[in-house]
Every structure is written in structure tokens, then in C-alpha cells.
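What follows is a group of structures, each given as C-alpha cells.
In what comes next, subunit A is part of two complexes: it sits with subunit B in the first one and with subunit C in the second one.
== the complex of A and B ==
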């Protein structure tokens, strides 16, 4: 070995994608913001701004998935559960605070001012009436505090990932076994949330999340733009964070674990701690992404957390290209936008003479088929094509 | 129906019996009692009628109770009226001759409720000795449905003449039940109750619980009578206080809404009870305002939490048996406890049967995976869709072959062929390129899975399709009131057992099995021994897929066939294989057994909520894998170093 070090160039120089992506994101955000209804131009409808904002959130969880799978080699089929938990945490506050306002308005007309107990009962009745209850379950204890619920967005997915990861990595569950185990965890969570007595309104889920208390005066156009900008900012920060992590020495070890776990362990590294760190931090980012996503979607229910959602997440990352953060962004954006285009009836039907292909019915077949082809013939995904282009030039 | 039977027997009897005496003459001797019956006087008539043994007597009694008997005012004779109106159509009680006459000359007999009950009891006595077993049976059924003290005596009386052994046994059983409930003599009752201790039927338990029926009560002092137990009011204070209010021992709680409307009704100059309106948003101020109103006597006083506690502490809450004899209730309690223990055992056995059948289903769903995942290490997310394909094959076959037994026999091999073909095609086209990248197999097969699911949805629609089982699989094997199992579940269990044997045979006793195991252990060495690993992989995957298809037919018989049915089983199937231990057929069996029994066990603990049962089961599995990461039947030696 020569003692010659590669010269330490700057972070940006080593990661040109960071610069390109941030520039592209900035430009995209600016264009959307200017063309949105909030500024009065209105070329991009409010609902499309929401779609774009949601897509940015999906990109954020996709890069988290890319770090845990593409960089660390853990195929987690549970990250969408963390996404959902983030959504539920913020959804509880949104729903509570908004119902509180509605209840206060409806009680304001009465001759005798309501007592705190009466207000609380009325809110409970409004929220839990659909599951035949009016009592506040224990987990709603802090629903009135935005600050605590925001902390839950980070803490609950983080703690769950920490405990689950500690148990799983400690007993050296790896590879496909870990995938199945994470899938089981996701299934357990969604089945739990489907119960009416889970305290989170069973299969009704939380709804009306697009109405942000305190911003009722500004219309949905402004609110959705605000969430769009917040999502863009979160994606930019998340990208920077993960680029920095994967670029660091820590990132090298993580990638080494992916390539040969036993060798890294024999070299004296405590593999479990590294894996646990990656698993937990990506779970937290997934929770944050969920907390930004569901206020734009307006509703969250346990079906969102079903294991299949997490598999789709893996699909996006695989199509975009694993081990490349920008690949995950491309994959998530492309597939989710295409999906809403095809299933929303945007794509023209193809008439074969004897049969007409309606894309609403055949989109999943196309996606499944594409996915098989990508796995077989382009294991590096779309990001791999980029790499080839860059190397040629 | 009963009416027809009655008239039939009556017709037959009237031909054969040359009556020295007839019903009409008996009635005429007690004409006044018949015309204006009371509960006491009617017994004379009934006794004579019963003693006469005339076949027309039950018919008359029935019509009498139904208020169809009229009296001719002129002659004083009684007739049975079959059609009312201005003109009556009637028939003679004894001869059955019919006639019509104006309604004016007749008076309807209207026995009251009490009399009709007495008549009904006398009637049961006739029916109990009726020559027609069907009628005796229906009389016994009516006693079983609604036992009364008065039925005991006729029942005992009819026992001697009973020649049908089944009915005789039934009569003896009902006598025991009735003696236990209504016997005159305490010793006889206790003996009857104790003889029930071996009977776990629902009927026997109902008899005992009727003896033990108790009413909740409340009093200020320790109450009189046969007390079942003293209750703790603090277990459910709200309900207990409600009981106090109902008994008139405490003032009712003023509901929040009533407080509010009382306050609203008593606003004086912007104040209520001296408290300004604006301050009423505070609970204490509101109480103060209401207290002031209550002190004036305008509204009922507020019942505070302390009042409730004091009231509850000063009252005795109890349950009192309706049965006054403590000896009887003690015996019934002891017998019922003994029966409950036996019932508990039987229910445990029933639960085990349920668990067994669930385990069979999981085993069927997972056994194909045990081959593809266990032997080859291929994660096939489309395995569930192979199950679905098998079930749809069964459905399509049923469309063409109307006989369900034949169609089932056709469907089983056809389902195997279809899914074998699909499995081989998938292995050739996709999986063989991914053997060294297991995680990517997972994703590629997932792609196939969603495509297959959507194609099935496009072809067969979203609603569930029936896969009807043959008639001989309908119904259930009933061992006792508490143990029963449907034949379809037995069939699935047998099916799973057959599969297990077949698979063990193929893997351990055939050339193919030998080659499969060889390729699994060391592909390179197997190849140099002349085995073609490519062909073996293809065959193995085809076999696993084909078994999934056949399992699909079995599962389809039990559950509904939808495009999502495979997805419902896939996670459970993988867990079955992982929990059991990868690479071992017996492991899969153990895994399916563990998961099936566990799920039923948890469901039994919390029967209202199968979702919760599944949740807890998955949590258990996650924890289980912590302690046995390689499953129940862990591979040993080098095979374990994966």
C-alpha cells in the first residue's frame, strides 16, 4: 500500500449529484410556486400541487429506503409503517385541533358558556362517534399539543425501529428472513390499527387532515403550496443528510456491511450498531415524510400501512436504481406520477381491435411486468443508465 | 299439521270403537262446568274425560281450548264449530256428522286463560300416550321447550305404557329435568339434580341454570331469603347506583344536560343563583349556581360523587335465588360446577380440533413454499397467486362439469397441471437468472404477483366466486353439544395429511427427490455426478407451484375464491415456513401447527376480535424468531451456515 492519500476534495465535488439535484429541486419548486393558484397564475391546479407535494414526500421516504436497502443491504418491508405512524401522529393533532374549533363554534351560541368537560366530551363524541365511543383513549392524551405530537412524529417511529431493530439484529436475522420479519411487523401494525378499539378510529382512519387549524382563513391553495414548499425543503435536507452520511467513513462501513457482513464483523466493527443506526435514522425520516404527506392527502387509514405499500416502496427504489440517492428520487417520482396518470384515466386506452386495453385495469400488469424486466435486465435501475452516460462523456 | 293428525286418529278410532259411552254424555253430566268453566271446577270434567279414555276426548279438549266449541241453546248439546259467520258450520263431537244452522241458536264457550292452561296440561297427557309416535314426540318437544310443574305427573304416568325405546329414554330424561325443577320432595329434587352431573348437554345446563336463576336486589339491611351472593357495588358503581335509584333508596343523578337546561331556565338578570352567566364556563361556579337553585327548592339537588359513594356503602347489593330451598340450590350449584368443568374440557377439545383444521389450512398454503423456499431458497412472492390460480381452476372446471364430485376429481389434477406449468415457465423465464440474488427474486416475483392478481381481477371480476363442495362434504360431525367439526374441515385435514405423505415420499423415496436434495446441498457436486441442476431446479419449482395449485382447490372449498385470496395467505405462509425451520417438511408441519393452534388459542381468549388475535400472533412470532432464529426444526451442521 502506498501512503499516498487521495486529495480531500470538497463534499460537493465528491457528490456532484447533490448539487444537480438541489438545483433541479430548487428550480422545480420555484416554477411550481409561481404557476400555482396561490400566486394567482393558476396554471397548476391546487390538486396537482398537492399531488406534486405528496410525490416529494414519497421521494423523501424513497431515499431513506435507498439508504437502508441500497447502501446497507437491509431489505426492510416495514418502512411504510413508519411513514404511516408519522402521519397518524400529526393527524391526531390536526383532527383534534380542528374538531376543537368546530365544537367551540357550535357551543358558542349557547346562553351558558360550556365547561371544559363539556367541550372535551363534545370533541370526543365528534371524533370517536364512528367507532361507537366518545371517550378519549390514552394515546390521545397529548393530541392537543402540536409540539408533543410533532415530537411523536420523530420519537415513535424512531423508538419502534430501535426496539425492533435491536431485537432483530441482535439475533442475527438477516437477508430474506429480515424482510419477512419486517413485513410481519407491518402486517401486525396495520391489523392492530384496523381494530375499532385501537383508539385510532379503526378502518375509518383519521380524516379532514387537509384543514389546518389556524390557517382556515387562507384557502387550500395557500395551504397546499405551503406544504409543497415544506416537502421540498424536507427532501432537500433529507438528501443532504443522507448524502453526508453515505459519503462519510460511517457510510463506507455501511456499504461494506452490505457487501460482506461477516468480513466487516471480523475486522472488529460492531455491525449491529451500524445497522441499528441506519435502520432507526431512516425510520425517523420516513416518519417525517409521512407527517408531511398525510396533511396533503387529507386522510389516513390502516390500509395505507398494509405490507404491500412497503413492497411498492422497494419497487420504486429498485426501478430508480439502488445505491444512488438520486435514483431513489427518480424512481419514486416517476412511478408514483405515472401510476396516478394511468389509474386516474389520464392515459389513452389502446384499441387492439378484438380488445380495448383500459389502463385503469391493466396498469398494475404493466407495472408488474416492467418490474420483472428491470430486475432481470437493468439491476441498477434508471440510475444505472445515468451512470453509464456520465462515464461515457 | 297437528289438526290433521288429530282428525285422522279420531276418524280411525271412531270407526273401530263401539263406544258404550261417548264424550257428549260425559259433557252433559257436567254441563254447567263445561259451559262456564273455572279453574277449579273444570278438573271434574277433565278427570272424567281422561278416565273415559275416549279417542275423541283430545280432539274435543283441543277445540275447547281454541274456543271452537259452541252450545246449542235449545238442546244443551255441545258441538265443534268449523266455520263461523251468520250461519255456523258445525260437526258432532262423537259422530263427526256435519251440519249448518243459524248462529242465533248457539252460544260460544269462552274458557279463560287459566282454564285453557289446565286443558292444555290434560291434553299433553293424551298426547303423551297417543298411539302415533310422532305426536308423542311433539308432545315431548313442547315439554322440553316449556317445562311446567303440571306436566310432571302425566309424564310419569305415561312412562309405563311407552314401548318406543328412544321416546322412553327421552321421557325419562324429561322426568329428571322436571323433577329437578318442580319436584315436591326436596330429596327427590336433589337426587334428580345430582343425576344430571354426567350430562353436558345444553338442555341439562339450562335446567340447572333455571333452578339457579337469581334476581339482583338491593336493601338497606342484610336481606331475607336464599341469597346467592352479596355483590360489591364498587365493581360497577354507575349500574349499582342506578339500582338504588330504581329501588327508591336514592335520588337520581341529575344529568349534565339537565343541569344546563335547569340553569338556562332560571336566569335572572343575567345571573343564575347569583352567579354571572359569563362565569358558568367553570365547573365549580356552575355547581355553586346549581346549588343555590337547589337550596331554593327550584330544582332537585345535585348528587355528587361523595353522595354516591356514601349511598353505595350504606346499601347491601345481593342476588337472591327465586328458588327458596337452599339444599336444592346448593346441589344445583355443585352439579353445575361439575358439569362446567366437563364442558370446559370438551370445549378445549373442540378448540384443539379448530386449531388442527386451521393448522391444516396453513400447512396446505405453506407446503409448496417449503419446497421452493425451503429446498431452493427462492422467495416466491407469487406463491399466493398460484394458490389463487388453483382455486380459479376449480371454479372454471365447475362451470363445465356440473357434478361437484366429478368436477373436484377433475379439478385437482388440472390445478396441479396449470400451476406446474406456470411455475416451470416462471422458473425458466425469471427465477433462474436470479439464483445468486435472492432479494431480487423477492422483488421480481412480487412484480409477477401483482400482475397475476390484476389479470385475475380483469378476467373474473372483483366479486368472490363460489367453489362449491360436493353434498357429502356438507354438514358437520357432531360428537356432543360442545364438540363438532364440519366435514369440509375434516376433508382438508385428510388432504393435508395426504400431501405430507406424498411429499415425504417424493423427497425421500424417489429418484427425483434424491436429485432435488443433492442439488440443494451442493449443485456443483450434483452436476458432476450426472445430475442436471437446471432441470432439477425447474422440476422442483414446478412441483412446489403445482402443490400450491392443488392446495388452492382445497382452500377454495373452505374460503371464497377472489383475486386477493393468495395475498391473504402469503405472509402467514412465509411465517409458517420461517417459524418451522427452512428446508424441512416436518418444520413446516410444526410451524403450521404452532401458528394454527396459537391463533385459535388467542381467539379463544378474546373471541370478539380475530384481528387482535392475528396481531398478537404475529408479535409472538417476531419474538419467537428472536429466540430460535432458525425455526423449530433448525438445520444442523454446514447446511445451517447459510
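== the complex of A and C ==
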């Protein structure tokens, strides 16, 4: 009877942003690679390559945040904890393996070859000396295995999200209460890590992570470019994964849960399972993003996991525009780059005569003000303005 | 006609207010039933109890051939058993298109992974078109549900109910905010749906109920006051006193 049929368009036609993002990302990585110090052109410094690589990791966690918040309506203030856990998991291996090499070198000259116990003690001393210990805590049991620590990057955030989510969603904690609960989880984790006997070097955190064992001969210019490219690849794959998820029928269901979860129950869907799925998969992606970020940052400490970081994440996504993946990418890239420009002394101070605006102090005020303005006047964020332009043309 | 749903001795007290008291009711399959009663009689609460939204203090609810008890089941389990519900205030997912709204309701596996890997089928699309036609929304499939008129949203919600292919439909005030013409079409949809399943309709409008031409249950202060044909119950003196006497629909 009806002429119109279900549109059977392709995935790319339904999600044009996927194509644009992949093209932009490809072009961007090619330009950075060619202009980096690793290739000898050197127009882009190694430290700036690291900044850009870290920014890509922040974009990756931002799209995860957009899926859990923008699409599923769960304002998680805990995703930076998962990011940090990913960083710690890979950081433990980096630190252990590198210390092992240093210790082996320093003991190599001895007449009597050191026993394995002596080597282990020496490594322990090196790593835990700062917290007055030389014993390996239990959580370092697998630190010598890259493979196992890589598995932890995925498994620990995933399991923590699964257990936490199961407890929270099952009791039907929603809205602000859920946000507070996720923030409490983050705070608890951060406070625990601050303790010297946490086994993760207290507030010293893990350092020297930019030195990749086995790649000592390659300079930082090459290592940082490699991490930059790996981050770009991870962002591309993450974007594809989340575009596919949000485009699927599950994408419809989670948006419906965001808008009216009780109605979704009466359609026969077990809402808690959906939330748990989204919460967990985004936590895993956050962990992976963290595992790529911290080797580029070189250091991770408990302050990174403080609740404020997760709040920033929400701000990026809100400014970029919730419920559109490219919005999260734009928001995270723009705000985090601006933030390092303003707070890194890049932005010139403004002399008002009677007062000088130092951006290090005033950047947060500017960011907060922008956030308020965006919330009031462009609730769909930069991505929303973008949509308007595209529709007009 | 066998009994599909049996409620007996259901009571519910909200902080000292007896919303439902010792309510018993049976519905067959297929059957069309109208439930009427003054505001606050407990009609919506009655639906909340069947669908698991509200837990009753006492009583039993049994559903289907094997008389499964619905008490203690979650909302989604009850929905999957085959009980669909339309809310008094139309609730559709406004940010999504009419087609997406209907597709979410279509009877298909409900687990996250089957939904994630769900592929559109020809049968599903055909069923969706068929429902869209029945609820007069064929030309609006690609529109966001939020853009529909109030009456169209009501229809969409009824369409979502049909898409679920439930055995029992609970329809709370479907005609509210509809034009006379829309109401007429709504009665047709409900009567047709009731040819193959059980449908319980809560409605205030007497003309609407008369057009449904079915058995009527009058609810008052949370229990059944009278049951029978519309003519029968409208002759009942208590019914006239508590309800009809206060409206002009009893002619």
C-alpha cells in the first residue's frame, strides 16, 4: 500500500561524521608525522607531538563519556578513574621493566653474579625506596609481564565498572545521586592511592613512563611519534566502535533510557543490563585511553584521578555537544589544548592598568564562564552549532 | 473464552490512603473491557499494580494458562510475558522518529546483545508499515515523535503497544485531548485489537465507552462498584450517585 519503504542506507550514509573524522584524523596524523622531529623536519617539537598525542587520548575518553552521558544519560563522574587505572596498569610494567634493565646493568660488573633474590630486592629498592620500602606489594605480582599488565588495562576498569554498575543500577540509583556515587568511588580510589602503603608509591605515583624498555636506543622523538600514531589509531577504532553502537538498535534503546527509563521497562527491556553494558564498555575504552596517555605524559600520580578530572571531562563533552560523538572530539580537543595554552604561559597576560590578568589564575574562570554561557545559550554545544550550519548548506 | 488475567483481593494503601481495596477482576482472551470511575477511583493505580510499577499490599494476580503470579516480577519481565501498557499522559520518545519508536516496541528479543546485533528484517519492516497505517502515521514515520500533535502521540503510543504484540493491553485514557474524529478512529483501533487479545480501556468519556460496546467495570474508592453492560451499570443507583450523577454523560 505504501510507497515509502524502510530506508536501507549504508552505515556511512547514516553516520557521515565517521567518514569526516577518519579523513581529518588521517590527514592530521600524516601532517604531524611528516613535520615531527622523528622525520628530521622538526617543525613540530617532540614535546608538542606528545601534547597532541595526549589530546587524542582525551578525545577518546571524551567519546566514551559522550556515550555513557550524552546517549545513555548517566552523568558518570568516575570515568577518569578508569582512565587512571589504565595508566597505572601499563605504568607498573613500564617502571618495573625499565628498573630491571637499570639494575641488571649496575650489577653486571660484580664478580659474583647476583642471585635472582638480590636482583628483585634491588629493583624493589629502586621503585619503593621513596615510600620507605623495598618489598614488592601483591599488586605488582605480574608487573614483569607486559601481556598481563595489558590485560589489566582492560580487565580492571571493566570489572570495577561491572561491579560498581551492578550495585548502583540494581538499586535504581539515578540522576544526581548516581553522579555523586560515581564521584565518591573516584574520590575513594584517589585517596587510597595517595597512601604510601597502597603499593603504588603514594603521592609520588609512577614516573619515567616515557622511557619504554627495549626502545632505549630510539630517541624520544621516535617513541613519542609512535605513541601519537597509536593514540590516533585508538581514537579511530574507538570512534568506529561507538558510532556502530549508537547507530545500532541498542543506540535507540539507550537514548530512550536517557529520556524515560521507566517507559523502556514497560516495553520489556531490562534497563539495568543496558546501563551496565554501556557503563562497562565505556570504562574499558577509558582504561585504554589512559594506558596510551600516561606513557606520553611520563608520570601518573593519584592527583590525576581526583574527582575534578572527571568533572572536566563532563565539561568538555557539554561544550562539544552531548549526544554527538564528533562534538565530544571537538570539545575535548579544543578545551584541553586551550587549557594547556592558557595555563602553560602561552597566552599573553592582559594588563588592565590597575590589574593584570594572569591566565594561569584566570583560565578556570574563563572556562567556567564559557560553560555557563554554552549551557544557557547553546545547550547542544559546539556540535549543535555545527549541525545548524550543515543543515543550512 | 478462558480467563487470561485473574486479580483477587488486591489492596494497596499509600501512607494511610486506601487507593485500592479488596479489588477482584477477571478478564478473558479475547475480551474488550472498559473501566470507568470518578477521578481518584484507583484506575491508574490498578494498572500500575498489574504492570509491576506498584507492589500491592495484599492479594494475588495470575496470568496465562499456567496462572503465573505477577507479584514480585519486575516491570520488564511482566512486559515480556505479554502485558503492554499505554500511559495516561502520552509517553513516547520525543527525540526519536516515529519509526524508531515503533521499532523499539516491535516484538523481538530484548537482551542487550541481541539488540546490539539486531538486523532489520523484511517482516519487521512490513509489520511496522502495517501498524503505521493503522494508527494513521504512515506519512510521519521519519518525523521526530516530539513534533507530533497530542492526538498523534496517543496513537503512536497505541501503535507501540500493538507492535509489542501483547496478549493483554492496558490502555489508560486513550482519547484524552483527541478531537471527535480522532476518538472515533481510536475506538476502531481498540475494537480491532480486542478481536484477538484482551484489552482493558480506562476512559472518562461516556460516548467513547458506549462506542466500545463492551462489558463495563465501574471502580469506586479502589473496588468494583458494578459490572455489566453500559446500560446495566448506568441504571445502578449507586453508580449514578457516585459518578454519573456528577457528570452529564448518563443520558
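Assume the second predicted complex is superposed on the first by the 388 of 393 C-alpha atoms of A that agree within 3 Å, B and C clash if a C-alpha of one lies under 4 Å from a C-alpha of the other, contacts with A are read in each partner's own complex, and residues count from 1 in each chain.
Keep in mind that, in the parts below, a contact is a pair of C-beta atoms (placed from the backbone, for glycine too) under 8 Å apart; a residue touches a chain by one contact, two chains touch by 3 or more.
None of these values were measured; they are calculated from a predicted model.
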### Task
Quick one: on subunit A, after the overlay, do subunit B and subunit C clash, or do they fit? Just give me the call.
fit
### Task
Could you tell me if A:303 is touching subunit B, subunit C, both of them or neither one (first, second, both, neither)?
neither
### Message
With both complexes overlaid on chain A, does A:277 touch subunit B (first), subunit C (second), both or neither?
### Response
second
### Task
Mind working out whether A:367 is in touch with subunit B, subunit C, both or neither, as first, second, both or neither?
first
### Message
Quick check on the superposed pair: does A:155 touch subunit B, subunit C, both, or neither? Answer first, second, both or neither.
### Response
neither
#### Entry: Touching partner for A:334 - first (subunit B), second (subunit C), both, neither
neither
### Summary
Expressed to the nearest 10°, the angle that the Cα centres of subunit B and subunit C make at the Cα centre of subunit A is 100
### Query
Which partner does A:241 reach: the first (subunit B), the second (subunit C), both, or neither?
neither
#### Entry: Touched partner set for A:256, first subunit B, second subunit C, both or neither
second
### Task
Tell me which partner A:268 touches in the superposition: subunit B (first), subunit C (second), both or neither.
second
## Note on the structure
Superposition result for subunit B with subunit C: lowest C-alpha separation, Å, rounded to 6
### Complex interface listing, subunit B residues touching subunit A
256, 260, 263-264, 267, 272, 277-278, 280-283, 286, 379, 381, 430, 433-434, 437-440, 442-444, 446-455, 457-458, 567, 571, 574-575, 578, 609, 611-612, 614-615, 618-619, 621-623, 625-627, 629
### Residues of subunit A touching subunit B in the complex
75, 111-118, 164, 167-168, 170-173, 175-177, 179-181, 183-185, 187-188, 191-192, 194-195, 197, 307-308, 311, 314-315, 318, 361-365, 367-372, 375-376, 379
#### Entry: Residues on subunit A engaged by subunit C in the complex (per definition of touch)
1-2, 4-6, 8, 245, 248-250, 252-253, 255-256, 259-260, 262-271, 273-274, 277
#### Entry: Residue ranges of subunit C in contact with subunit A within the complex
51, 53, 74-76, 79-80, 84-85, 87, 91, 93-96, 99-100, 103-105, 110-112, 115-118, 120, 125, 128-129, 132-133, 138, 141, 160, 164
